[in-house]
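You will see two complexes here that share subunit A, one where it goes with subunit B and one where it goes with subunit C.
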Partner chain A sequence: MSKQINVALIGNPNTGKTSVFNALTGLNQKVGNYPGITVEKKEGVCRLPRGIKAHIIDLPGTYSLNASSLDENVVIELLLNKNDKDFPDIAVVVTDVENLKRNLLLFTQIKDLEIPTLLVINMADRMRYKGISLDIDYLEAHLKTKIALISTRKNEGIDGLRELITNYKEVSTEPCLKTTDIDPAYFENLQKAFPNQLLYKLWLVITQDVNFGKTDRKEIDAVTSFKTKSKADLKRLQQKETIKRYQFINNVLKKGQTIDLSQAKDLRIKLDRILTHKVWGYVIFIAILLLIFQAIYDWSEVPMDFIDGVFASLSEWTKNVLPSGAFTDLIAEGIIPGLGGIVIFIPQIAFLFLFIAVLEESGYMSRVVFLMDKIMRRFGLSGKSVVPLISGTACAIPAVMATRNIESWKERLITILVTPFTTCSARLPVYLIIISLVIPKGKFLWLSYQALTLMLLYFLGFATAVLSAYILSKRLKIKSRSFFVVEMPNYKLPMIKNVAITVVEKTKSFVYGAGKIILAISIILWFLASYGPGDNFNNAEVIIKTEYASENLSEKDLQHKIASHKLEHSFIGIAGRLIEPSIRPLGYDWKIGIAIISSFAAREVFVGTLATIYSVGSDDEDTIKNRMAAEINPVRGGPLFTFASGISLLLFYAFAMQCMSTLAIVKKETNSWKWPVLQLAIMSSFAYLVALVAFQFLK
Partner chain B sequence: MNDIIQNILVFTAIALAMLFLIKKFILPKSKTKKACGNDNDCACH
Partner chain C sequence: MQHTLAHLKKGERGVITDVSSDHIPLKLLEMGCLPGNEVELVQVAPFADPMYLNINGSHLAIRKETAIHILIEKVANE
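Take a look at the complex of A and B:
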């Protein structure tokens, strides 16, 4: 029988920890949340020699065991709680060969918890460019561990690491430092009060306020024979501990590591000078964005047309093959068009994530954060707010959670409140379909109008977020202090495997997450559009045939009139007509109104809803886009989706708070209903107002 | 017969869809334990 061991991957941010995780697990991984909190939990399985199976957990990046955020707390809570089912049989600390000194601080802390700890020195391929050489035997002897020198980029050393993990029982648990050396009197006293506890573990409990097992800080305080020190004294002891650790690390590295700068061939400084330049930095950033949006349009066109056609044919085929009846209609007119409305956007979403992954992997994204910090400060945001704002382009939910590393509550709250303005991937399907309907296909220089419009919408979202932050920073009366620290990783060629995994995972989670909701909503919408109360719905055929008896309508036209009449008097038609007076000034009809209401659950439902509504009663094999383009404005005649109504709709979606999940996460992060309710009211009113002005001005 | 079966399938699908949406948006699993919005004391522990 195969044995399973728990392996915890731990390390500073930007050490290539996730690359090691990917190298060990391949695609045998899943992403979830830690129980009770919304910090991402990545787990995977790796088959080791001798039939051992390793359950690998990729823990959030942390600089030390002195936690300052929820993410970092996760690491400490796991390492301190032996009863946790994920408690590691072995900890694997991943370090970057170029930042070994700083990365070893965390390693020594984990070693002192007496957990078998392996040291992985990653990015070994960079050593010759940096003039670095290591004496591995010396380092192993003095750090009391086994070392795997690897390069995930070149896929070197991974087998050696697997072998070391397999032999986890041979890894020493001897600590690097004696905890009592930090302050002998204090720690000896502490040990006397808790003779059966590991001293360093007690120290972490006293300083961290973390949850683990049955021992917590209150329990320590409750022991009358021992009193914890004041907060200021504890801070001083922590500083002393850090100094002791660096003294130890310096001594080890003095002989274990040699850096010959004359051998270094570094491009980084030259590149940084250009990419973070006060003028060229922004010019390059904008040029990269232009390139991305143009590519999203150009490269996606063919696969999107293909998917659109496939779903239209599938719907038609279902009707022809299955026995006629209500369920067949549900599949052909409800489920397939609804799902088609989301699947069609896979190419564009995949390309967007591809570019974001490449920018992150290459190290360029950190330069963008640094560059934007100068602007952010002027608007009352932290430099760290850039990370949520940029990750908000994928989804506002993880972006709101990413604000947890902002220390100042005021800056964090402002970031939470303005992040939903950034263009998330759920807005993308709405933007793409409306842009393709109302923006002409011409080009300005080499950029298409459609790509430019999409880019302007991204800028608009970002600018609105920043301006709202400025207003909030002036209005909110909360006092707090802030600082900004960002790590500048080295430039690297993105690893294809990492980029591919990111693209697959993000696209999959978008499609599955949204797909289930869209499927459910499509079924209900189809029902509401296919059934209705009263004679007007039930006798639609008789009414229409009587009404048009004198006109010589073809059978196809007659069927179309009957379908339209039924839709108008269906449940959804009645509801749509009720809200129509309030949305008509914005240039929308009741069908768009229904789509807006149903997309309150999630924005991407908008396209699926329209696809479902327009498919009900239709026998044509036609694409979603063509059906929307053919829709006639019932009041003014002519196409419903004109330049004016299209722009109005784009602006409405740019500003409206159309996402229940984001509201829920804001409530959770702020611990109050006040902020999500305010956010919903202000964003939605603003969206309505802007859409109204835009339509009235452009019509 | 065919119509009856088709109608049963339709209403089952609708019931399942409604159950899913209610579970997803109206009765989501409560996870609020530690996430809190305060610098100093969020009373999480």
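Take a look at the complex of A and C:
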């Protein structure tokens, strides 16, 4: 009989919980979402001795069962709901040997829910450096559990942990503390009102703001024999509970743990002296940022060129191999270039996620938060907003999700609202192609004008984000106490396995997420551009041939004329001409208009759309570029892409909110349509105005 | 004079005597910011805000506006 054991991994942030998860499951894991919310759900399967399997959930990191964020709610909701299919047969609490005292707080809370609980003490390899020794037998006896002393870095003790999980039935469910000890009068009363319920569970139901299935808070409110307390009173009780727990933990550790400080070597002090220094801290931070940008551009160039080439030849190959017809055209001109447009981002996205993962794993990110808090607060943001703003240069979607650990709702909301201004990687191809068209090739000192323009655009993105944050912080009337607590974890050498898994998972979900939209859009666009109503479209060949009958056009030129006549009278052409009057003051023609409109699904569609609209067979950048350069302004003659219209386009893309996925995520995270709608309206009209002024001023 | 955490200078230590729970998030208490625990100011950002503390072996950073609600007794450095 093979029953799967349900295991929940629980622990404070920075305890190496995810390393334990990776060590247990290997690559046998999948990342999804909890239903209805955007909290990441990581599950995996672990093979145990004697052919038994365990289903492991890596729950979000939390400091205690008193949840203060969506991520933490997930933990307590699962632990209180016995009917959940994931309800653990055994909870595995992961702790860091250097922070055992603080980490044990969560452990005692889970024990008091009378769930079988194992204690994992991780980073055992660091005990020697810190002069720590543990009396495991004593700790097991007094914490009423089994302990696995492991080191994920050295891959030690994992088999022992597997063995303990297999024998989960032997783990005690005896609580660590008596809940009534916190406040006898209050809790005895509570127990009397609900004689059949576990007291600590009741207490959590009363204090936590989460869904609880059957034990509804209303039920508690309805019982008159028991009076609920005011919020302040409850908080005082929670404080009392915390003190009681620490008393218990201190007592246990007094005998179970000895720390010989003379043995301790502290890398942290030395590194912090430089990395959080008032001057050097900032210099190093800026240097690291520059390194990241440099790396993203330089290192991704080769793989990007390669991908570009592969897709171009794939498209060519499809055309040659498949029988010619509408279906082949759809694949070769619609789907393949569309997919190429997303796959080409993989190197840059992967590098960015790599750096962010390394910064977070190493513990450096917390130092940046510390350094930047005061500066960011001037603009109504939090030090913790730096992380979303940096990761926003990859993609606004994970960035918006990264705002979750900002405690103050106002600071968090502002961060969410301004993050889409940072130059995400989807803007990059648009910038690159327009810059190469309209910015001259010369050099200023040793920097080329083109590179300089790109840097200015990045700077513009950050500056707009920060300035609009300032305006928002003055205008938004939200009362929200700004609590700010950041753990400053130990510095650690990032583990390659963890970083690699993060990069692969994040890149995969970005590509699949954006890929679906782009694929759909490119198919729709292709249809709209390939079909049209009425004679003008269907008889294009005859019309053009009669019109140019007198001129001696080559076959190639004739075909080109027919194609562009067809496009003009296709569905997309008709739609484009409809909107042309509103975008002409910005210096665009209807083709750009269509590209802009399709960009509202996702910006990176712009280049692909122009590629499709300009009816180019291959998605070779040079070809698109040459075609764009050859476009004539329909009103005034001369090239369509001038300095003025190019700058106007760049500014439009810098400011406009053109990403449905970001809007969707903002809706989810703010739980209201108000904010994404405002974002869309304000950012896009601002973009329109700026582009209008720029074009009228420069032309 | 009553000292608060905000009065500490870099490298100085103290023992927490009282925290006014109305102004302190529960999370901070759970991280060890409780009466009786020792606290050291490890580092300060420019303008002494935020403050990087070592409370009872836990390293964390809080803002000055929170620090003024944590009463301490200074401990002389040996």
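As a working rule, the second predicted complex is superposed on the first by the 560 of 699 C-alpha atoms of A that agree within 3 Å, B and C clash if a C-alpha of one lies under 4 Å from a C-alpha of the other, contacts with A are read in each partner's own complex, and residues count from 1 in each chain.
Simple rule for what comes next: contacts are C-beta pairs under 8 Å (C-beta built on N, C-alpha and C of every residue); 3 or more make two chains touch, one makes a residue touch a chain.
Worth saying up front: this structure is predicted, and the values here are computed from it rather than measured.
By the touch criterion defined above, A:Ile682 lies against neither subunit B nor subunit C after alignment on the C-alpha atoms of chain A. Contact with subunit B, but none with subunit C, is seen for A:Trp409 once the two complexes are overlaid on the shared chain. Applying the stated contact rule after C-alpha superposition, one finds that A:Thr276 touches subunit C and leaves subunit B untouched. In the superposed model, A:Leu692 makes contact with neither subunit B nor subunit C.
In the superposition on chain A, contact is made by A:Lys516 with subunit B only, not with subunit C.
When the two structures are aligned on the shared chain, A:Leu105 is found in touch with subunit C, with no touch to subunit B. Legend: residue contacts after superposition of the two complexes on their common chain; A:Pro489 is shown touching subunit C, with no touch to subunit B. Judged by the document's definition of touching, subunit A residues 407 lie at the interface with subunit B and also at the interface with subunit C. The touching residues of subunit A, when paired with subunit C in their complex, are 63-64, 66, 68, 98-99, 101-102, 105, 232, 235-236, 238-239, 242-243, 246, 268-269, 272-273, 276, 278, 366, 369-371, 373-374, 383, 407, 482-490. Within the complex formed with subunit A, the residues of subunit B that make contact are 2-3, 5-7, 9-10, 13-14, 16-18, 20-21, 24-25, 28, 31-39, 42, 45. By the touch criterion given at the top, residues 33, 36-38, 70, 73, 209-211, 216, 323, 325-328, 330, 401, 404, 407-409, 412-413, 416, 480, 516-517, 519-521, 523-524, 527, 601, 660, 664, 668-672 of subunit A touch subunit B in their complex. Taken in their complex, subunit C has these residues touching subunit A: 21-22, 25-32, 34-35, 42-43, 45-47, 49-50, 52, 56-63, 65-66.
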